[in-house]
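Each of the two complexes below includes chain A, the first together with chain B, the second together with chain C.
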Partner chain A sequence: MKRIAIFLLLLFSLDSVFALTAYEMVKKSENLVRGNTNQGILEMTITTPYFTRTLKMHIWNKGLKKTFVRIFSPAKEAGIGSLKMGDEMWNYLPAIEKIIKIPPSMMMSAWMGSDFSNDDVVKESSIVEDYNHRILTEERLSGYDAYKIECIPKENAPVVWGKIYFWLRKSDHLPLKQEYYDEKGKLIKVLESIEVGSMGGRVIPILSEMRTIGKENSKTTLRVREMSFDVSIADSVFTLRHLQTLRAKE
Partner chain B sequence: MKTFIKIAWRNIFRNWRRSFFAILAIATGLGALIFVWAFVDGTNQQEVSTYTSFLSGHIQIHKTGFQRELSVFRALDNPSAILSEIAHQENIEEFSERIEQRVLLSFADKTSGAILMGVDPEKESKITTLWKMMEHGRFLGPADQSGIVVGKDLAERFNLSLGSEVSVLAQAADGSLGAAKFKVIGIYHSGIDTIDRVYVFVTLPAAQDLFALWGRATGIVIKAKKIESVTNLQSSLSKELGQGIEVLDWRKIIPELETSVILHEVEATIILAIVFLIVAIGILNTVLMSVVERVREFGIMMALGTANLQITMLVVMEAFLLGTVGVILGGVGGLIVTSILGKRGIDLTSYMEFLQASPRTPDIIYPILRLDRIILLAGLVLMVTIFASIYPAVKAARYQPVVAIRTGETV
Partner chain C sequence: MLVLVLGSGSFASAVNFELASNYKNLYSISKTVQGENYNLDLNRFRLQIRSQILDNLSWETQYDMEWYIGSFLRTLAFPAFKNYRPPTNFDLISPLIDTENLYARQKLYRFYLNISTPAGDVKLGRQKIPWGTGKVWNPTDPFNPIAYTSLEREERAGVDAISYEMPLSALSSLNLVYSQRPSLSTWGGRLHTHIGATDCSLLGVKNGENYMLGFDFAGQILSAGIHGEAAFTRSVMDADYAQVVIGCDYTFPNSLYCLMELYHNGQGKSNSAEYQWNRWLSGEITNLAKNYGFLGVTYELSSRIKGGSYYLYNLDDNSSFWNPFVEYSLTENASGLVGGYLVNGKSNSEFGSFSNNYYLQLRWFF
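Right after this comes the complex of A and B.
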């Protein structure tokens, strides 16, 4: 009897040995919001002291290396597209019928004038693979129990950030907040999940806000209007040909 | 006092030859200075007229801070309101709305920065002269919504010819990316490479579309009726339009031009200083000689009771009278000669080939007379004359009467 009791005790305590590492938590978080593939409709609202503008776009993601975005609203910018294949990124401007390749040096510049960079939109760098992770503390954030994870870039990682703090929900590893710091340790950008909801069978952030520190009157919000996960997407979507060809879209 | 003037006057004519040449020196000095300054003023005015006629106009109106960065977010909100507000100004000959912005120009595999000007072709042609300097094709007309006019240097760099299709990318006022294609309909050549390399022109409506600035503009360019009235016009407009609007005259828009104008004036000032020096030395010599000759005479005057100060004043008075006559003659003479040349112009074409400092420097210079300058110069020459006579005058007053009378010499 005693043996069984000890065995059962050990069994239950083994639970903590199988607790997830920081790396695994971040990986789960990314998988939650990306899946193997995802496609949907996003609404990006850019607010600055000079203008407020809302872009509506279709987005397709396949794995970590293929991303396609097509803007369909407003009319002036409808037809503009962004494509990422492997390590390369292109934009297409229908007004001048030109494909523009985005060099690595421009990956940190704003995408379409927003607070999101090209890198943010196409996920050129991977928060999972390019960083070393470590749990710092457990905190309460926005009413949820969260882990605060410190992400430091690996050597030779193609990453501009000095470090990233990643808050994710304890229960399901949903990303709550990310703080981006430069190499000198100065806070540059903050991405926060404002609203969480159900989309495509998952609970994900449906409204996020990106703010640049120093530009207090500007922000960009991203709202997920539609999203489906792990539906198969043809590889032909992620081609320069598709980028240049405007198919009839919703 | 009256007696002194009488005595001084008569003293001058005692040696009329010497007095004549002294007066001649003063007159020639003043006359030459009047001419030199009129030449410089004429050159400057023509240079300013010519250079401001290329592109900058005499005065530009923007939202405060626009000139520094050309930011599309600092466009004028209501240019037509400003236009009606300033329409009453008499000194304005012509005004026109413009959009001026930095853009990215792209053709084939070349991409480079340029400054795009969205202009009203009809109004613009009354203010600036680039439209007359077409080397190929023609300037914009109101119907050319997708036409672009580029400078010769830029066309060469991109390898553009008439009909080439260029892409223009820019930051639009609503935050979006402005993108449009234009066809080259004209190539201009002003000879000023900072213009030819950089500025490209489209119609104002085309620019308003590109930058999402419908109904708006980034600036208003003004041509004044007379170049001399630009400064007054600028301050008048500035007061009228108040804070939030910057009214800039050509000095702020093309500071290099103002530097050139100042440089010419500095050169003229150096000549001025030299002429003063020479006239001063000449007068000093003349007056000194006349004083040394009259040692005995001064000695007797002093023995008879004339005060030292009176002797000094007498000598200075003589110089003053010489100066006055010289200045009057020099002033009139300089005025006449300069006006004749002012009408006819000074033709420097044969020299200009070697001196081609910049393109379109006028080959014929028309000197300009300015009353304020002439009065100032006359006054200064007179003062120099008086100043030069002080040393001999004081010296005369120091003579010892007894020694002076007996020996005709100073101690």
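Right after this comes the complex of A and C.
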């Protein structure tokens, strides 16, 4: 009888064995790296077999629905801005002095030629709200004990991935690695935390690397140069007015 | 001069300055309307200065130094080219060198003050007024409509105007514009808002003695973007007319981008014998015929190379304009572009009247 009881217990999701559910772990992880708000400077380095280029940008986030990005280097791309409000996105292109509304089909295309998509940068889809989560196993990864969590899209969620595997550090749910699979189960991209450090009073990945499977010798790294969390950010930042206004030394 | 004046002493320390510049070299080979073969090498150095004088006061200027070399300088078409003046009031266009082999000039591309208040932004000076959602045709833009067959498609002369934009919400605004060109004044108002997943605008314009009511939108159907404009004009020169453009665009996962637009131009003529060439040459009208179609595709061949093809078709006289091109990223701040403008049609048709044009462009930002 006891054996049956133990067997039945193990039949339930591993979630029931842990203090937090998989959803709560993923939510905690997202909150760790985003906070309620965050504001900072990121450096994105795109490495290909032919060249390396680095984009520097200011970024503002407020909750999950508002994101603003402004590139300030290199000169060729300086002034390009992206605004995300809810599920929609707009770009400002200084070359034509115009705001362009980005259609959904463009959300998965590469952002500025990098391995990150528009969706990755502005987080149109939410790994917390748009997926169902399940703890698969515990593993050792990059020298840390980690949970491996499976994220399957909810029905009608505005995502293109068939599933995402998400590794979180057991001690504090710091994201260590994400694998993105298409709807046929093929691995498409891998995002890994290369370097962890203290920024804005939190321990976060300060250097991440995104690789697209099949593109050998190409990768995109994202380094956090400055970041503040839970600061007050005016709603006026997340407006079309701000998107089309270029200030010296923004 | 502006940099010296504004950059002096304690003023400079209190003011945020940002300098940027770019150099363009555009080499083209074609034939004039008089049938003369030519080559033309355009060089342009553009200096951009942006300055935040006070927290709510800024200005921007973009100053051009251009020099032209090539056999085009010795064609019959060149005098009209160098004497052409855009419909602006002050542009500082002045020749610096004018010989048979070299023509150099300076000009002002942009110069405006921007005053930012809680009630909105006032922009005064030479600026671009970015109305319209069309990517090939802009009937609701009375200030700087796109001239898609221009070799420098992104260049817009700008207008001397005072523009007041009042934000109504994060995604909505009211824009009021007054523009005074040498022989034409334009008043316009555009209410821009966001409904559901669609940006849309209502606008009204008094352009000289003409009146225009218009509408534009940019939204989506499933994953595709759709956009359109409609303008209804009461004109003193023409019978009242409507201009409508509708388009859609889609990006495939492999980076293939497709754009289609259809344009009905009520101001145009179905019969090529009635084309108003003089009005087109003067810039008074931007299109000759009534009905057009456009198909454009671009594709990233590699992380460094992008290829594309733009095809513009005159549905009335069956002439066409085809622009294949390849763009290459040379360095982080430099790119190259090679392409052709290939025309097809009868000699009295819109595009058949032109000659093919082949070009090579280098651009460097610093």
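By our rule, the second predicted complex is superposed on the first by the 231 of 250 C-alpha atoms of A that agree within 3 Å, B and C clash if a C-alpha of one lies under 4 Å from a C-alpha of the other, contacts with A are read in each partner's own complex, and residues count from 1 in each chain.
Simple rule for what comes next: a residue touches a chain if its C-beta (ideal position, glycine included) is under 8 Å from a C-beta of that chain, and two chains touch if they have at least 3 such contacts.
The structure displayed is predicted, hence computed values, not measured ones.
Student: Superpose on chain A as described above, then tell me if chain B and chain C fit or clash.
Tutor: After superposition on chain A, chain B vs chain C: clash.
Student: According to the stated criteria, A:Thr48 is in contact with first (chain B), second (chain C), both, or neither; which is it?
Tutor: In the superposed model, A:Thr48 contacts both chain B and chain C.
Student: By residue count, which of the two partners contacts chain A more extensively, chain B or chain C?
Tutor: C
Student: Applying the touch criterion given at the start, work out whether A:Lys163 contacts chain B, chain C, both or neither, answering first, second, both or neither.
Tutor: neither
Student: Touching A:Lys76, do we find chain B (first), chain C (second), both, or neither?
Tutor: both
Student: Looking at the overlay, does A:Thr245 come into contact with chain B only (first), chain C only (second), both, or neither?
Tutor: Second partner only.
Student: Let me test your reading of the model: by the given contact rule, A:Arg211 touches which partner, first (chain B), second (chain C), both or neither?
Tutor: After superposing on A, A:Arg211 lies clear of both chain B and chain C.
Student: Which of the two partners, first being chain B and second being chain C, lies in contact with A:Lys28: first, second, both, or neither?
Tutor: After superposition on chain A, A:Lys28 lies in contact with neither partner.
Student: For A:Ala110, decide between first (touching chain B), second (touching chain C), both and neither.
Tutor: Touch partner of A:Ala110: chain C, not chain B.
Student: Can you check which stretch of chain B gets into chain C in the overlay, out of 19-27, 181-189, 271-279 or 343-351?
Tutor: Answer for the clashing stretch of chain B: 181-189.
Student: So which positions on chain A get touched by both chain B and chain C?
Tutor: In the superposed arrangement, which is not itself an observed complex, chain A uses residues 46, 48, 50-51, 53, 74, 76, 95-98, 113 for both chain B and chain C.
Student: Tell me, which parts of chain B touch chain A in their complex?
Tutor: 73, 106, 167-169, 171, 173-177, 179-181, 212
Student: Would you pull the chain A residues touching chain C in the complex into a rising list?
Tutor: Interface residues on the chain A side: 46, 48, 50-51, 53-54, 74-76, 78, 85, 87-88, 95-99, 101-106, 108-110, 113, 160, 218, 235, 238-241, 244-249.
Student: Sort out for me which residues of chain C touch chain A in the complex.
Tutor: Residues of chain C touching chain A: 16-18, 20, 22, 50-52, 58, 60, 114, 116, 121, 128, 130, 133, 154, 156, 165, 167, 170-171, 173, 197, 199, 218-220, 222-225, 227, 249-253, 255, 257, 300, 302-304, 329, 331-335, 365-366.
Student: Under the definition above, what is the set of chain A residues touching chain B in their complex?
Tutor: Per the touch definition, chain A meets chain B at residues 46, 48, 50-51, 53, 74, 76-77, 80, 93, 95-98, 112-113.
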